[in-house]
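As written, the chain order gives the labels A, B, C and D, with residue 1 at the start of each chain.
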Amino acid sequence: MHEETTARLLIRCPDKPGIVAAVSGFLYNHGANINTLDEYTTDPDGGEFFMRLEFQTPHLDLSRSVLERSFNETVAERYEMDWRISYAAKKQRTALFVSKMDHALVELLWRWSRGKLPADIVMVISNHDRLRETVNGFGVPFHHVPVTPETKQEAEAEMTRLMGDDIDLMVLARYMQILTRPMVDKYRNRIINIHHSFLPAFVGANPYRRAHDRGVKLIGATAHYVTDNLDEGPIIEQDVLRVSHAHTVSELIEMGQNIERHVLARAVKWHLEDRTIVHGNKTIVFQK
Amino acid sequence: MHEETTARLLIRCPDKPGIVAAVSGFLYNHGANINTLDEYTTDPDGGEFFMRLEFQTPHLDLSRSVLERSFNETVAERYEMDWRISYAAKKQRTALFVSKMDHALVELLWRWSRGKLPADIVMVISNHDRLRETVNGFGVPFHHVPVTPETKQEAEAEMTRLMGDDIDLMVLARYMQILTRPMVDKYRNRIINIHHSFLPAFVGANPYRRAHDRGVKLIGATAHYVTDNLDEGPIIEQDVLRVSHAHTVSELIEMGQNIERHVLARAVKWHLEDRTIVHGNKTIVFQK
Amino acid sequence: MHEETTARLLIRCPDKPGIVAAVSGFLYNHGANINTLDEYTTDPDGGEFFMRLEFQTPHLDLSRSVLERSFNETVAERYEMDWRISYAAKKQRTALFVSKMDHALVELLWRWSRGKLPADIVMVISNHDRLRETVNGFGVPFHHVPVTPETKQEAEAEMTRLMGDDIDLMVLARYMQILTRPMVDKYRNRIINIHHSFLPAFVGANPYRRAHDRGVKLIGATAHYVTDNLDEGPIIEQDVLRVSHAHTVSELIEMGQNIERHVLARAVKWHLEDRTIVHGNKTIVFQK
Amino acid sequence: MHEETTARLLIRCPDKPGIVAAVSGFLYNHGANINTLDEYTTDPDGGEFFMRLEFQTPHLDLSRSVLERSFNETVAERYEMDWRISYAAKKQRTALFVSKMDHALVELLWRWSRGKLPADIVMVISNHDRLRETVNGFGVPFHHVPVTPETKQEAEAEMTRLMGDDIDLMVLARYMQILTRPMVDKYRNRIINIHHSFLPAFVGANPYRRAHDRGVKLIGATAHYVTDNLDEGPIIEQDVLRVSHAHTVSELIEMGQNIERHVLARAVKWHLEDRTIVHGNKTIVFQK
């Protein structure tokens, strides 16, 4: 597969007969070759239909813009599709947010520096000035924007100014601030957060202490899109590690951080590969 | 290891220097040979200490009752121990409770019939008459005790009568009734329940439907001792299975049941082998 | 989804542009509605292409045989497809084979009796007479066919006679006999076996004893199609459990059996749902 | 727990009655307070006995050397013990070895720099000059010692000179060279290696390619002590990740590296905390 010629088409529409035939027929007729096709329907009989196609465009008989316009007119409108095409060669411009703890941030930067996260990481923004050297070591600009309850709006305005108009993805890699509603709305389904998770849940302060006191046998992490409901957005990925009564609170925290690193990295990768479609409060994830 | 001569000593006391030396010295001086020793302290400096010893008694120079009395006088009182000795050859008399779903019950009965659950399963009690044949097929008596909101007290009285005075363990293998507080009190730390678990938790009705709508990536099960707080007692064991957006609600339920089977069986086995000690709302589990 | 109207189309052919469009267009034009579509290519540029479609046929404008003939003529021949259509309502006639250990057999029978294995289990064949009562308890005929090295051919002839001409699937649920090559050839890609697996592998006698002596931290199981190379056929499913140095050989065996139960049940279910396609010594598994 | 006063006693001897009483009595009588005690016997009746004690020494009425001599005379000789005491405050001097791939090395250095690996990492030695900057960024000296088949002996002599006489642990973090027998002998049970693992095993070249062609469903990693039998030494830790037929060889390699990072880090941590005892070709691991 050649990245330069790889495109992805994401579709969401009411399910009805003929969608796969219409889409694949369109691509075939215009010289595109499908590599992978994933689809999901909530109900074949009147439900919602989701599809992801990855295709090669070397012999494309049209320019991209003409292809997209043609697709819209001949297929998308007929099936009332919510759709978009992305091109693997055009990496998503990504801003990472962090507070003081570096574990999730370093995991992302390290994978990215090895070519394993197909993003264009353009900056790291932090409400503390602690990780500047680490970030710069990866060749990424670091911006310190202090945040207090009183200055949150100004701080977010400054962050928005720093990010400019063409940021595709924000990743909260242990950014311990709640974003304002306008910020969340502006980047809807384009902000990924990571947080610890337990069975049962421990909402509120000191969750690891309480998980320890309760003697849980599993600790986990959840990566999700940020919505107005804190920590309640559409889940992208989750995982757990086994623990015992003998682990101290600080050991649980360390183990929790190790899961957070991997869960967040997987979620971000799937987003960057256009494998996720948000549907209500749920994420369809077309993973391998 | 010979089951007939295997004994287990469970201890709980304030932590202070010398406990291990006192206990192991006592056993050695009376001809007992320690096979395994597990211990845990919440804090070596003034915390709570827990210990489980499994030892062989072939050359014991005392009868069991004299040994126990001697231990109490020379060791246990000095360290203010809460303790008990159990003998592997004396299997715990166990009653299983079930409603309509047989998955957890059959798993327990099947493991037991193969000699893998060291219990003396003396009866199955159900509020439905549906699983009589299945239970009898394992050679276990089945009692049908209908329960309605109005008759719950009488029903529990009947169950108590059926169980008699020497039931050591009650296992709720998908018994969909809440026990009354007197019943819970009577068998404190001797009733094990199994229920589904999710990250995050979905309290209330239709949890699998809601987990499906939320797009969780893991579904799990928790086995715990029953307390007055429904589904909130000390956790013994937990596990999860990976799921995807494509699994239907009924598939999630089936997968959840498969985890429940194994989580409950492990928890019951550990209880029967005296590997668990309840401490507040937490269970110390000395598993291998 | 209505089982009576559900059909599945499995395809394998050289990859070239237009396959998805051709197949989905054909189905659409004949009134079939696609529920799910999975595909995989070893290489979009001249590799091997695999596809599974599940579709509904309520409004089919053709009989099944006409549909199949038409598909062959208008699509399959053009793309040199190896293909077949199956119908969910026509369950696969399945024979289970077992020796003395019942764990894998009982798991399959129990899931099947609850409606969770979409098979038509028509008989159990064993080289021992030990599990007759268990099998009959599930309402399934049991046939005892003794096997010795000298009589293996006659024994297999008798088994073949018992199975008749319309057995779709043979499952070796801990059947401790090696099948002869003619038997394997006759049911190629239609015999599923389960065996223990370790990292590293312990080939030969007493694998659990050797895994114990080596101090492995994981024990596992592999379900695979049977080929002439013993235990080396195309893998369908694998899983592991964590163990420690403290587990005895007999505990490892018990844990291994618990994994075998689940790995085999999953593999058989996927086969029955037509989710598997063998390619060389590899199995493409289109699981959810 | 205060690291400065924490000591650990590791014991191995023929199992016989009275060991626990003798050891714990000795420690108690000399003012040491046991925090944790783990033990294991291959057979209570004449087998091999292993024990790890972690104890606090704040009120010790003896100097360390007197304590050790006294223990030897009054306890160890009587029970024919192979034993040693280590002190948590004296971190093990550790040398890391690497070739070109940085994943395992960076994971160790990152955990160590955050205080999560209780070692004194004194140098990194590599047969390539590729990771110097990365290593120096963590404040650790980097030594490039080229190795060719002809110069292996001289190269190892140079490495031995660099390490000096007081290296406690060598970690091969993807060091793609086989050590000579004298080197292995000199650091017996003090060299930890990491390598990929599969079920079944693929010995020889291109294991990931062959695992891909075989369609394995799990890929894993094993950390072990190095012996003369390449990749066959006593196992310390293992883990696996689930994969599918759709993962490419390079994706399998990446996933395998992610497991290697964690398996090696856990194994090294357990070694550094004196939780491992080698017994024949097996490692007793007293993990929490």
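To be clear about the criterion, a residue touches a chain if its C-beta (ideal position, glycine included) is under 8 Å from a C-beta of that chain, and two chains touch if they have at least 3 such contacts.
Every value quoted in this text rests on a predicted model; they were computed, and no experiment measured them.
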item: Neighbouring chains common to chain A and chain B, by label; value: C, D
item: Between chain C and chain A, distance of the C-alpha-averaged centres to the nearest whole Å; value: 36
item: Geometric centre distance via CA averages, chain D-chain C, whole Å; value: 42
item: For chain B, residues that touch 2 or more chains besides their own; value: 36, 40, 244, 246
item: Overall pattern in which the protein chains touch one another (line/ring/star/complete/other); value: complete
item: Residues on chain B engaged by chain C in the complex (per definition of touch); value: 36, 103, 106, 110, 114, 116, 137, 244, 246-247, 251, 254, 258, 262, 288
item: Chain B partner contacts - residues on chain A that touch it in the complex; value: 40, 197-201, 213-218, 220, 222, 232, 234-235, 237-240, 244-246, 280-285, 287
item: Footprint of chain B on chain D - complex, ascending; value: 1, 17-18, 20-21, 24-25, 27-29, 33-41, 44, 56, 242
